[in-house]
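Lettered A, B, C, D and E in written order, each chain numbered from 1.
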Amino acid sequence: MDRTMSKGSTKAGLPPGTLIHIGEKKTEKTGITVIEYSESEFRERDVSSMDEYVRSGDKSIITWINIDGIQNLEVVEKVGALFLLHPLTLEDIVNTEQFPKIEEYGEYLFIVLKMLSYLEKTDTIAVEQVSLCCGPEFLISFQEGKASSILLPIKERIRNGKGRIRKMGADYLAYSLIDAIVDNYFTILEKLGEKIETLEDAVVDNPEKKVINDLHRLKRQLINVRRSIWPLREVLNIMGRGESSLISESIHLYLRDVYDHTIRIIETIEAYRDILSGILDIYLSNISNRINAVMKVLTIIATIFMPLTFLAGVYGMNFKYMPELEWPLGYPLILFIMTFIGISMVIYFRKKKWL
Amino acid sequence: MDRTMSKGSTKAGLPPGTLIHIGEKKTEKTGITVIEYSESEFRERDVSSMDEYVRSGDKSIITWINIDGIQNLEVVEKVGALFLLHPLTLEDIVNTEQFPKIEEYGEYLFIVLKMLSYLEKTDTIAVEQVSLCCGPEFLISFQEGKASSILLPIKERIRNGKGRIRKMGADYLAYSLIDAIVDNYFTILEKLGEKIETLEDAVVDNPEKKVINDLHRLKRQLINVRRSIWPLREVLNIMGRGESSLISESIHLYLRDVYDHTIRIIETIEAYRDILSGILDIYLSNISNRINAVMKVLTIIATIFMPLTFLAGVYGMNFKYMPELEWPLGYPLILFIMTFIGISMVIYFRKKKWL
Amino acid sequence: MDRTMSKGSTKAGLPPGTLIHIGEKKTEKTGITVIEYSESEFRERDVSSMDEYVRSGDKSIITWINIDGIQNLEVVEKVGALFLLHPLTLEDIVNTEQFPKIEEYGEYLFIVLKMLSYLEKTDTIAVEQVSLCCGPEFLISFQEGKASSILLPIKERIRNGKGRIRKMGADYLAYSLIDAIVDNYFTILEKLGEKIETLEDAVVDNPEKKVINDLHRLKRQLINVRRSIWPLREVLNIMGRGESSLISESIHLYLRDVYDHTIRIIETIEAYRDILSGILDIYLSNISNRINAVMKVLTIIATIFMPLTFLAGVYGMNFKYMPELEWPLGYPLILFIMTFIGISMVIYFRKKKWL
Amino acid sequence: MDRTMSKGSTKAGLPPGTLIHIGEKKTEKTGITVIEYSESEFRERDVSSMDEYVRSGDKSIITWINIDGIQNLEVVEKVGALFLLHPLTLEDIVNTEQFPKIEEYGEYLFIVLKMLSYLEKTDTIAVEQVSLCCGPEFLISFQEGKASSILLPIKERIRNGKGRIRKMGADYLAYSLIDAIVDNYFTILEKLGEKIETLEDAVVDNPEKKVINDLHRLKRQLINVRRSIWPLREVLNIMGRGESSLISESIHLYLRDVYDHTIRIIETIEAYRDILSGILDIYLSNISNRINAVMKVLTIIATIFMPLTFLAGVYGMNFKYMPELEWPLGYPLILFIMTFIGISMVIYFRKKKWL
Amino acid sequence: MDRTMSKGSTKAGLPPGTLIHIGEKKTEKTGITVIEYSESEFRERDVSSMDEYVRSGDKSIITWINIDGIQNLEVVEKVGALFLLHPLTLEDIVNTEQFPKIEEYGEYLFIVLKMLSYLEKTDTIAVEQVSLCCGPEFLISFQEGKASSILLPIKERIRNGKGRIRKMGADYLAYSLIDAIVDNYFTILEKLGEKIETLEDAVVDNPEKKVINDLHRLKRQLINVRRSIWPLREVLNIMGRGESSLISESIHLYLRDVYDHTIRIIETIEAYRDILSGILDIYLSNISNRINAVMKVLTIIATIFMPLTFLAGVYGMNFKYMPELEWPLGYPLILFIMTFIGISMVIYFRKKKWL
């Protein structure tokens, strides 16, 4: 059973807005990285506590605060106090069982995403929640684990001043993060696609019992990926329609582009599911075919030897008066008859295409 | 068959608005609890009859009347008279076969919910109807059974003055009750999730006939949970869109949050159903596989022993002239031939991977 | 095949508006009941022909004309002339293969419903068409058969002046009729629910061939009930939205209530269909399980007796030189060996859990 | 494979608007019938070429030109020139692989329909395309084959001046044609319904291999009927909503009536498909049941005779010292034992309900 | 596994707008064709580099630049610079894993399509991406491979000045290209339709194991075709609704026509999928039927010969006192009895319709 499915219950009964970390602790220490940049400037530092950070009043500076490890509730609360985040926002950040969603809280947009990564060792797909609070000149990103390899290239791009990223606002930065996370879904799908291909070959060549378990496993992984990406589609649709004043119009085109990617991912997942159900059909019909083949062997053997054994039985009877037994050629004759019956049967089965 | 599905018929033919208690009697005595609070005050008392209660005229006081046991029609009627509830509202309160719904009756919102609880003993999910009448400064809640453990923490929160609850209106109280009930669905789903996991392991290891009944049982429980939560989604969507003047704008964010929870619950149920259908596929293919395995054993035995028995039959015939019978080495020779045939067969089956 | 599905063809090619009675003749004589009432007055009489009726000019009097048996086209035409009904209305009234629908014809609303009744004797669900023409101060109802037990209580309520019915208009009367008909669907569902329960028990205990036919029968009945109620949902939605001036606003709440009932009925039907498909799964897997069980018996018998029979065959051979045959203990020895093989096999099958 | 599905390709690469007749040639000679009528007048004549026709300027005269056989491109082009039809209209008229659709081309409405007819001989459903161009005072109808029996009654009605048809405009004439064609779908459905019924009986009584082919055939016919009627629903919905000024308001009610018919047809098709899938379930479970029954016979025979044959084999052994063989009652005793075993087995199988 | 499904991942982590060619290199050399035409003029030339091309300022001249082979990023960038294409447009052009889509970038419409071609040799469907940038007086088309036979006829039409194409704008040219590509889908469907027909015949006559693989293959090809055409439907719907000022109103009718074609293609694909699932049902039931047939042969043989062999075994016993053995007619009698049993069995099986 996939861990993310049903742990929300530990919160049942508590007042809304209570900060409780729900989910696995994925990193020991909470890491805080503060990046401040404008077209001309770039400052990056790791701070050990939010107390070390003072919010700049300069509106031309974009501030990106990235927090790794959300189990440290104190840090989350301090960030919340500093950027005036709504209690429900904070609650959602530390509860890793959110669905992807977008909420507009007056001064900032709150976006929840799921970042997937494929773990080769255990052959599982790890799901990590990323929460973004995107204000006019700040972006705060919360991750469950250590700064992931998916987000690092963006930091690199800001540092190097490559691309448009330094010239644009916090909304573009948010878009860049979402784009990186969504693009990573393709890697996951590629992996799953390879596994489906392997399964497809396996089921045709050599339909073992294992196949059905692999198939079920893949189906569940697809269900999980779908659960992560499906609501994101709506999130991006809302963002791209330009209803929020927090997203400048120049970003809309970019957001519609990511939106198209999510559509493509969802369509691919649907196609994969169709293919998996096709593999199941092959598998089931292969089992039936093999039962059929086994049955045929049995029937052929029985149909050839039962009459022959009967014949041998007849001449094994101990009646006093059985004239054939006395014939000098009785034995060769019966052997000939038996051979004839046997060969006829074989010919008959060949005709019926059973052999 | 689930009891809540089809008992509405006892009412057929009666004039609309007739009060008839439909459903099981879940408590002996109807309990009435009156809680009055404002930011500074808190009064709680249990009354034995609605006659003991006088409606306060003070608009700054929030009144919460909780009624346990709706089979006492007199109490419901008195509450209705006191708070000017519409006849259809009263009719729906005492009919425990409502679907979750929301109706705006001018002066108050009428909300019907289903509260689920998992009964360990009978391994069933009990459904209890909760009806809320939410006016500007009052909330009346009706439950089928005794004050449940799901709603108690909220009473506690009001008494202790913790959280926002004392500072806000009756709409926030209504939201808190709905939130508690919805959060409890996760507990139910967790329970079902565990059972699905157990079933999943069972079907792979040891596919017994019992599995299919468990699977059907779980599927039915999911159908019932879905029937309880599905219409609630629409109820919360309506409430959160802010079309009613009875719900203040500050509550909308909270309601959208619960709405997200219902979406998550529904998605989880859908995922569970997908997984259950996958388990069924495994189960069915396992049966076929086992038929296949049994067939193979039979075929191997028959294919080895039928020709051998035939051979023995041949030399059991009583023909007078059977030269082989006279050979001194005839018997060892035939034994050798039989052994050879037997071993060849075994080798053949090994090659075909049947052994 | 259900009779109501495909008989519309007898009309193909005729000009629209032609009155042709399509459907079974369900009563011998057409009965006409005229009820006139206001809050203070009540008059009821059965007339043998529409000629006996003179339309009252008094707008405060509500007139309800109920016609049983629509095959008498003359009566229908006279009613049409008297109340200025549109030719298409008349055509639809006498064609019993309508779908539930609502049409606004300027002066009146035309509503078509399907009234179901369960016939215990033949174990079928009878469908009867009820057409309502609801004007500002009149309601004309057309039924296929004799005044049914579903509608009688409403007449009774008017006569006794109980409830709101005497104080309200023709629209409330129409609502009351619809409410009674819809509430009756629950009785039908209850009946089907019981039968599904019986089937569910049957399939677990004793999966006979009959089950699949019962299942198919129930599925078809659900399809038919669904076809009757599905369009009604839309009809009530339209009526409850208050777009027609013929329906006063005070009725909207009532109509939304019936609307909720239809939703509940449809959801229940969907749940039943899900359960039926689950029963089919159980049934099919039970057949496979039984094939498996039969196979096992066969394999066990064959695996035990084939080697033994072979052994007996060996010592039935007539070779001259078979030293074992001469041993004094040969026979007990071979019996012992045979017993040993037999017992080993039984132990082996027990280990494999086949016994 | 149904012919109408995939022949559009012969046009690929040609400029749009090119007139190419796609489809079978269904009549040798193109027939042109010109009917001109007003409330008082009626003229009908068959012309051999469009050159013989002069368009009347009198706006009170309705002109209906019916063309049978669209492979004569010259005629279509001339009509197009005379009534100023758009090139795309002409292209669609001669391409018989259109989907039902409606297009408004300024001066006229262009409607494409599919007319079905059941061919008893080949047990197939023939599809014929009917195109209507409906202007303010003219209607041009194009059919693939000879004036069909479906449309003849309408001509008759105009000639006789029966019904409203002579008093109303070209839009009413168009409606009458559509109504006749749609009503004819019921005949087709009735035919299919009968066949489904036959199949349903067949599958219960005597499940032969043929059933599955018949079932597949029926399913395909339903798919084809559905493809013809499905888009028509939308066409009529558009027409009935009254967005086009070419359709007078008095016709809307009539069009909504036909719309209801299409809905009914589609619902019936869906119900038929559900029933067919139920028949498939019965069929498949019947096969499994029969495998089960055959298996039981085999197992019973084997279980009874294998032990007996073994016993006979034992006493057929040639050991020198087999005391039982010498007993005078040995033979009757063993016969008794064999009978006893046989009867026990039969009793055992009766208990297991296999006999 | 279809190549187009999951290669998007190589881009993950790169800044948006980075030009990277994703996909197979389908041609060695990038070919650039420049066609300039107005109603009176026509110029066509192949240029080896975009440097040779100077954009004309004459607004009455329509310029069509067709580029074959998009792996040459330099050419794409130059075109982008010349016609002021958005970076996201360029990125999408060189990424061959786009979904069909339409984007309006102020000055031009960007349209992505999938062009299919059936490769007889490998029995696969090749997918090629075609991107169109349609400005007020220019159209730039990008293809993956060499100028395909699908687009050549349009060039021919412009050259010959046939049809409306020379008189109309760039939007009509874009429409012509889309129309040609969509019409080509019918060829693909025709091919698939033929293969389905072959499969349908094969499965009825001779249900081999190969069938299931062919079926799976066809299903996958349908999934892929569907993925190519499905989003195009929406693209054309958007274009035909006339929301963009870049598409003149005279084109809307044409675009709605192509839209109808895509609908027809999608409906055909759906119908094909339904038919394929029907073929699978036939296939599976045929396997079961054959298992049944094989079982019957086995059972018949066993049921006839097991009792006979037993009888022979009885009279092969060596009891001293077996009176029948001494009867002179014992042997013929037992032969007669055996024959009688055998014939009875055959008659019994004929009665049961097993023979």
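Some observations on this one:
The definition used in the following text is that a residue touches a chain if its C-beta (ideal position, glycine included) is under 8 Å from a C-beta of that chain, and two chains touch if they have at least 3 such contacts.
Because the structure is a prediction, the values reported are computed rather than measured.
In summary, the chains found to touch both chain C and chain E are D.
In a homomeric contact, the two copies may use the same or different surfaces; for chain C and chain D, under half of the interface residue numbers are shared, pointing to different surfaces.
Rounded to whole angstrom, the centroid-to-centroid distance between chain B and chain C, based on C-alpha atoms, equals 26 Å.
Inter-chain spacing, taken between the CA centroids of chain A and chain D, is 42 Å.
The set of chain E residues that touch two or more partner chains comprises 284, 288, 291, 295, 298, 302, 306, 309, 313, 316-318, 322. Chain contacts in this assembly form a single closed ring in which each chain touches exactly two others.
The touching residues of chain A, when paired with chain E in their complex, are 150, 153, 157, 162-165, 175-176, 179-180, 183-184, 186-187, 189-190, 192-194, 196-197, 200, 204, 253-254, 256-257, 260-261, 263-264, 267-268, 271, 274-275, 278-279, 281-282, 284-286, 288-289, 291-292, 295-296, 298-299, 302-303, 306-307, 309-310, 313-314, 316-322, 354. Against chain D, in their complex, chain C makes its touches with residues 1, 5-9, 11-18, 86, 88, 92, 97-99, 101, 103, 105, 209, 212-213, 215-216, 219-220, 223-224, 227, 230-231, 280, 283-284, 287-288, 290-291, 294-295, 297-298, 301-302, 305-306, 308-309, 312-313, 315-318, 322, 324-328, 330-331, 334-335, 338.
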